[in-house]
Amino acid sequence: MTEFETGYPSVRQIQTFIRDQLDVEVKLMTGDTLTGKVVWQDTHCLCLQDASEQMVTVWRQAIAYHKTVS
Amino acid sequence: MTEFETGYPSVRQIQTFIRDQLDVEVKLMTGDTLTGKVVWQDTHCLCLQDASEQMVTVWRQAIAYHKTVS
Amino acid sequence: MTEFETGYPSVRQIQTFIRDQLDVEVKLMTGDTLTGKVVWQDTHCLCLQDASEQMVTVWRQAIAYHKTVS
Amino acid sequence: MTEFETGYPSVRQIQTFIRDQLDVEVKLMTGDTLTGKVVWQDTHCLCLQDASEQMVTVWRQAIAYHKTVS
Amino acid sequence: MTEFETGYPSVRQIQTFIRDQLDVEVKLMTGDTLTGKVVWQDTHCLCLQDASEQMVTVWRQAIAYHKTVS
Amino acid sequence: MTEFETGYPSVRQIQTFIRDQLDVEVKLMTGDTLTGKVVWQDTHCLCLQDASEQMVTVWRQAIAYHKTVS
């Protein structure tokens, strides 16, 4: 990752989600809930791939919480 | 781009959208959804051109997520 | 402008709006839409003059998107 | 003011409101509208004194727009 | 206080509230209103003790305005 | 903790919650209330483990207030 702090547990947690291709549910400030696998993250965004293979780029500033789903 | 970090995947993704003139749907914190082609981006904003050729300048701070539409 | 970055397209776009006295519609995070001519901008705010000559100082942090109206 | 940038038009505008004891209407992100005279400002807040002499400290982060009222 | 700017009126105002054990009403971005005495403040939060002695840690980022109540 | 400021009361308070395995209620900007034990914190997030052992990563930017529950 470019100039991004991988020392943080929250960043490493998402790296684990990417590596293990876990399904993640992201609750946004708008009230929307998005679900998918995380494809990449950077300082600004997370990119999710949903069940229909659609890529959705979620802005970190808009995230309230996230969790894995099984 | 002026003093803007093109090393980030999220920034490069939008550069690709600009180059390929893809239609993008942007969901905002207000609940609004805007659709158009991205014309430029900078640190503060993205500029979209909608189907009626209207330019709309979207502030990054207000974006919840975005995705391409086909 | 004092310590403000005029190299950004988004800042220059608003300078053009000021110079050309264009009518601008600003959509806020609150859901409010304000319309007027931009009189000045700085790092924190844009100042709009509406049709009744009332000055309204809009905080950048609250802007979702803006566009010209004709 | 301590370490606060008086070179900005938006900061000077509020200094004028303080000096001239103008009534100001402040619209907040919450949808609330507060009205009063600005007593002081700093980097974080504006302090308003309303018609009943109550002091209300408004956080800049929560302001959508403001204007004078007559 | 650790690395926190006591030169600001807004910070000193809250220090006064702490010293004088004043009852403070805090209006949040969520629309919630919390009432209590401020026990401490730091860069991120204010800690309130409500009438039932419950400690509530309020995040500055979520505050719209505050005022004393009598 | 990596590059994180443990001198702040708000950070130390949460460290205490982690050490003592206290149940914490977190009210978010979205209006959601999450309850659980804090497992870790970093600059960006708090990780909660709820009663069903589900881990939920809460983004600091989304927190309005928190308190212990008994």
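Here are some notes:
Chains here go by letter, A, B, C, D, E and F, matching the order in which they are written, and residues are numbered from 1 within each.
We take it that contacts are C-beta pairs under 8 Å (C-beta built on N, C-alpha and C of every residue); 3 or more make two chains touch, one makes a residue touch a chain.
As the structure is a computational prediction, the values presented were derived from the model and not from experiment.
Number of steps on the shortest path from subunit A to subunit D, with steps defined by chain touch: 3.
Within the contact network of the assembly, the step distance from subunit C to subunit F comes to 3. Each chain's centre was taken as the mean of its CA atoms, and the one lying most distant from subunit A is D. Interface residue usage between subunit A and subunit B, two copies of one sequence, is largely distinct: under half of the residue numbers at the contact are used by both copies.
Ranking every chain by how far its Cα centroid lies from the centroid of subunit E, the top place goes to B.
Chains compared, subunit B against subunit F: the Cα-based superposition rotates one onto the other by 120 degrees, nearest 5. Rounded to a whole number, the gap between the C-alpha centres of subunit B and subunit C is 19 angstrom.
If you average the CA atoms of subunit D and of subunit F, the two centres end up 33 Å from each other. Shared interface positions of subunit C, i.e. residues touching 2 or more other chains, are given as 28-29, 61.
Residues 2-3, 28-30, 32, 34, 40, 42-45, 47, 54-59, 61-62 of subunit E are the ones touching subunit F in the complex. Those residues of subunit E lying in contact with subunit D across their complex are 5, 7-11, 13, 27-29, 31, 60-61, 63-68.
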